[in-house]
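Next come two complexes, and both contain chain A; in the first it sits with chain B, in the second with chain C.
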Partner chain A sequence: MSTITPGPLLAVEKLQKHYAQSRSMFLRTQAGVVKAVDGVSFQVPVGATLGLVGESGCGKSTTARLLLRLEDPTGGRIQFDGKDVHGAVGPALRDYRTNVQAVFQDPYSSLNPRMRVAGIIGEPLSANRAISAGELRDAVAEVMQTVGLNPQSAQRFPHEFSGGQRQRIAIARSLILRPRLLVLDEPVSALDVSIRAQILNLLMDLQEQFGLSYLLISHDLDVIAEMCNEIAVMYLGQIAEIGPAAEIVDNPRHPYTQALFSARLPAHPDGVSARIRLTGDIPSPLNPPSGCRFRTRCPQVMPVCAERVPPVTHLPNGHLASCHLLNESVVLGV
Partner chain B sequence: MTWRSLRRFPWIPVLLLAPVVICGIAGPLLYPHDPTVVNLLAPRKPPAWLAGGDPAFLLGTDHFGRDLLSRLIEGARVTLMVAVLGVVVAAVIGITAGMVAGYFGGWIDNVVMRIVDVKMSIPTILLTILIGSAFGGGLVTIICSIIFVFWADYARVIRGETLSLRERGYVALAKVANCSHVRILLRHILPNLFATCMVLFSLQLGRALIVEAAITFIGLGIQPPASAWGLLIAEGRNYLATAWWIPTFAGLAITMTVLGTNLLGDWLRDALDPKLRQL
Partner chain C sequence: MGGTSTKDGVLLEVRDLEMSIFADGGNRIVRAVNGLSFTLRRGRTMGIIGESGSGKSMTSLSILRLLPRGARILGGQVLFDGRDLVSLAERDLRRMRGRHIAMILQDPMVSLDPLYRVGDQVAEPLRTHQGMGGDALRARVIELLGAVGIPAPESRFNQYPHQMSGGMLQRIVGAAAISCGPELLIADEPTTALDPTVQAQYLDLLEELQQRTGLALIVITHDLGVAARLCDDVIVMYAGRAAEKAPVRTLFERPAHPYTQALLSTLPGRRAPDDIKVDAHKRLPTIEGQPPDLAALPPGCPFAPRCPRADAKCRTEMPPEVSLATDHSAACWYPTT
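Then we have the complex of A and B:
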């Protein structure tokens, strides 16, 4: 069924979210536009994981909110299973949301403290389908078992669980509608290192078991490298480099990706890594640098970087990067 | 009941409020005398334990010789009914308005909050006099005044709280799960406002008692020969130097009730928090 669907499950094209900043409440003068997400394109194939990586403030979470339709994009398109969903309303939006669910970073604020676990996990089902109390109870028990929770704790409150268990509750909730795509926004960042591996393994098992597709957002490069088939590196609202995970990890071509991956801890404590240090802060998305957005911090900056926006360069193996360094005629000054 | 649950029981507020509530409910059964019967032969009798006191009039009598204890008990009934009714209706209006304003934002928020601002700019007493001259004095005036005065406080506090709650992860996830706005408001926002509402309710109840007493005091509230605590104070203020007991016991009753509701509110806030329930 879904395996013979041609094309990607989720296709995002030139997605944009600009926030207008008005200076005053009464006079609607525009002080500027924050370009939180500015022309982002990627695809998530069926059963695969796309990693979205970048510093804080680069637009990862805004992208997730746009995909979940918690906010409306100001431009671009989102297609799910071949259907446009960026402007979907009413039944089309409801239908989309039964196929796309999410897990958020903070397992403390993502579970309603006044609801019992059974209510939290069962809510997507009871909100979408007419279902009897008994069926609901069975469905909740089943999905709790799937994520490794004891169904007997269904009548407890979230605060009685540890961070890792809470994240399992959040995952159980996201699975109960049997969605096809999960948006995982920093799913393990708030957890202890010892718990992280358990949750990541659980996510990988579930992916295999249900043929799920993941959009995994993280700033943790090890998590991204471990989990993803494809990686997209975001900088200041744009994708700097995107490609198969092996390509991005072993053969990064964009100076930002190179700097990012050089910051990973080596696998062995004695291992030495040639660390590329970036200086300065990420510039304000209210007033991004001209030309290449990374030029203010790039160790290999050239005069052309301030003048022209680097085009997307197609490299072998479906690897795309936006950098003037990859364009030989520019580098050689021809 | 285990020792622990005994120790956690809110003894002080319950002991403060129990007599008031019992008097309010069972009033007529408890009067030693009819609170409206005038006895001009025994005006301004001091409480029983003072020189000249009469054991038949435990807290003494007022300037018409009516039994003060009976009038106090009768007053509890009126006072409680007015305050509870007024604050409950104000709470329902204010919580609804605040929640809707905070959750939806935009022009709805602007309209609701500007109405609140307008309300806040009108002095309470002026508003009361206005309502009083429109409806005449009495129960309706007091209850309307309390509703008018208190709903805006609720709306403001609840709106602020809702603004922070609607940004929580579970609200976003509820939207992703296709929950309707009504469902999100009732299942995710309202239960998390509960503690705030209860604390606010108990504080408002205390303030409502005071407003009620003030309105009655200026003559727009409960009319004699009925009894209310504010009325007892108003009637007794001329005798403060010679018969201090007339206004004093009513004042004490108000203080006790306000203190009791405030303490009960504090206890409720902790007791209703599922995180603290297990401790």
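Then we have the complex of A and C:
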């Protein structure tokens, strides 16, 4: 599984997804464009985890849908193992779909209640390869063991399992094709705290065992801080800040990241710290603010923020942030 | 009420509360709350913490007797300002709900009707409980909207929920909750994932409402972080019982019940930053196994099957609540002392 790959496994460059909005239900005149994802770039190395955080509506799930090729981008590109993802057709596309799998939030709605567990887990394999019933049975048993399920329960139905076990079933299904990248969309948010740690540990074990790469989407900042090597903070379809996890958690430089992480719940009654309060909601992606998109809610907004789009500032340790505050000439009024 | 306050400022006293849900025509008895007792003083904040199926939400619904289908209170008392809500006639209880005890849910759209103007929805409890109407009612609602931090309350009065932001709607629900000046507010937080910013706004609102009115607050949550942020006292529930009760600081610094200790250690991302840097992929401590089936509870301590400390006694005999210090107790045969 651990092939030698020069460069990142996944490279996303200036990714864009704009939706045309029609003016009314009946007339198909174009009224505006929803910029759900607007120029997003990041990379995921082999065996690493990139976390995508941001409030609802920031575009993180659209980014995941683009990666899974459930939608086509309107600009930019995604490369997997050096190959263009959205140009892929035929065997190349099949190959990509085999290599990139997803695990979703709610294991109560993501598993077909009328299928037996063996069918759910084995389906990607039987749909993609011509294999015998015996081989399929063995493959299902093996992957069930890998995720900590008893292979003897393969003939049972999803409702006979608890939430944590259901998420194990979903993970087994995503693993059976031996993918290299998993898109994890809120994989533990529907689970109880005592079960959460079990699933997070399983994901870490699997990553180590198979050299998997993860794109982890979550608005649980504790989970993100625990699991990720790198964190990208999204706001209104763009990346406000990206960098190594320790940098983003301990030394956030963008005011939005600072506000977001200050909303984390304390680990101790003494840890209750001053929270940076943001006023208002995320503006509509149909009509984003001029200049810096965060300026309408930013506690440190300056006149320049409305006029110019902040450039990306390169900070030490591969830490990038887009904010005028990081640009000395602007701050000093030079 | 209010005037005749009971001794030591006790507002709510729950004694040996037992509540079960009779499902499948009575064939399956889900024992949701199994002998819960606690005391809440005026103006204090109590956190009731538990996983799904721990009985935390059923406890809050039992206090107001807003029971789901098939649910029955089988025993115990809920003394609110000295009156037992369990035995109170339904029409008397209706006069309590919203007036003396209010409830607030985290998702405002569960509580608000999209077809009515927000002002009218805030006015409803005042009209029902205090017979207010006309200009006086309108003036009072506008005052309340201003009090919960809604800018330009006069113009907001006539708006519909869809015209307002999520944070604003939370405040509308908050205004309705405090409209009749309740002595107790119960805030139930669902387990579903929420934006951290939305959750923080909600906790801010609860804190503001309490500071403004001096009401006592019960926060139902699955997150110990909420307790750390907001609560004076905490009850950790497991399988319908109080595993541990303690002032919040004691709970975090000297947890006595193995379940509380395990919960504190499994919180992801709450380790020291140095720890994370040294080893980003250190495994989290876990609690193996599953919470018990409330329709088939084991004979002894319900946590015994998952407890590292459990022995034969734990598996056969229910541990009593052991008092460890003032206001600190644990239901365990071998509490950490």
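In this text, the second predicted complex is superposed on the first by the 327 of 334 C-alpha atoms of A that agree within 3 Å, B and C clash if a C-alpha of one lies under 4 Å from a C-alpha of the other, contacts with A are read in each partner's own complex, and residues count from 1 in each chain.
Criterion: a contact is a pair of C-beta atoms (placed from the backbone, for glycine too) under 8 Å apart; a residue touches a chain by one contact, two chains touch by 3 or more.
Bear in mind the structure is a predicted one, so any value in this text is a computation, not a measurement.
Q: State whether A:V193 touches chain B only (first), chain C only (second), both chains, or neither.
A: It touches chain C, and chain B stays clear.
Q: Just checking: does A:S56 make contact with chain B only, chain C only, both, or neither of them? Give me first, second, both or neither.
A: second
Q: Determine, under the contact definition given at the top, whether A:F157 touches first (chain B), second (chain C), both, or neither.
A: In the superposition, A:F157 contacts chain B only.
Q: Could you tell me if A:E208 is touching chain B, chain C, both of them or neither one (first, second, both, neither)?
A: second
Q: Just chain B (first), just chain C (second), both, or neither: which does A:R277 touch?
A: second
Q: Given the touch rule stated above, what does A:N317 touch, chain B (first), chain C (second), both, or neither?
A: The answer is neither, since A:N317 touches no partner chain.
Q: Can A:N112 be said to touch chain B (first), chain C (second), both, or neither?
A: The answer is first: A:N112 touches chain B but not chain C.
Q: Using the touch definition from the top, say if A:T98 reaches chain B (first), chain C (second), both or neither.
A: Only chain B; A:T98 stays clear of chain C.
Q: State whether chain B or chain C is in contact with more residues of chain A in the superposed arrangement.
A: Counting contacted residues of chain A, the larger count belongs to C.
Q: First (chain B), second (chain C), both or neither: which does A:H219 touch?
A: The second partner, chain C, only.
Q: Could you tell me which stretches of chain A are touched by chain B in one complex and by chain C in the other?
A: 105
Q: Which of the residues in chain B end up touching chain A in this complex?
A: That would be residues 168-170, 172-180, 183, 187-188, 191-192, 194, 274-275, 278 of chain B.
Q: What residues of chain C sit close enough to touch chain A in their complex?
A: 51-52, 165-167, 191-200, 204, 222-226, 228-229, 248-249, 252, 262-263, 266-271, 273, 276-277, 280-281, 283-288, 290-291
Q: Given the complex with chain C, which residues does chain A contribute to the contact?
A: Result: residues 55-56, 105, 162, 164, 186, 189-190, 192-198, 200-201, 204-205, 207-208, 218-229, 245-246, 249-250, 259-260, 263-269, 271-272, 275, 277-278, 280-281 of chain A touch chain C.
Q: Under the definition above, what is the set of chain A residues touching chain B in their complex?
A: Checking each residue of chain A against chain B gives 65, 68, 70, 94, 97-98, 100-102, 104-106, 109-115, 120, 123-124, 127-128, 157, 159-160, 170, 173, 177.
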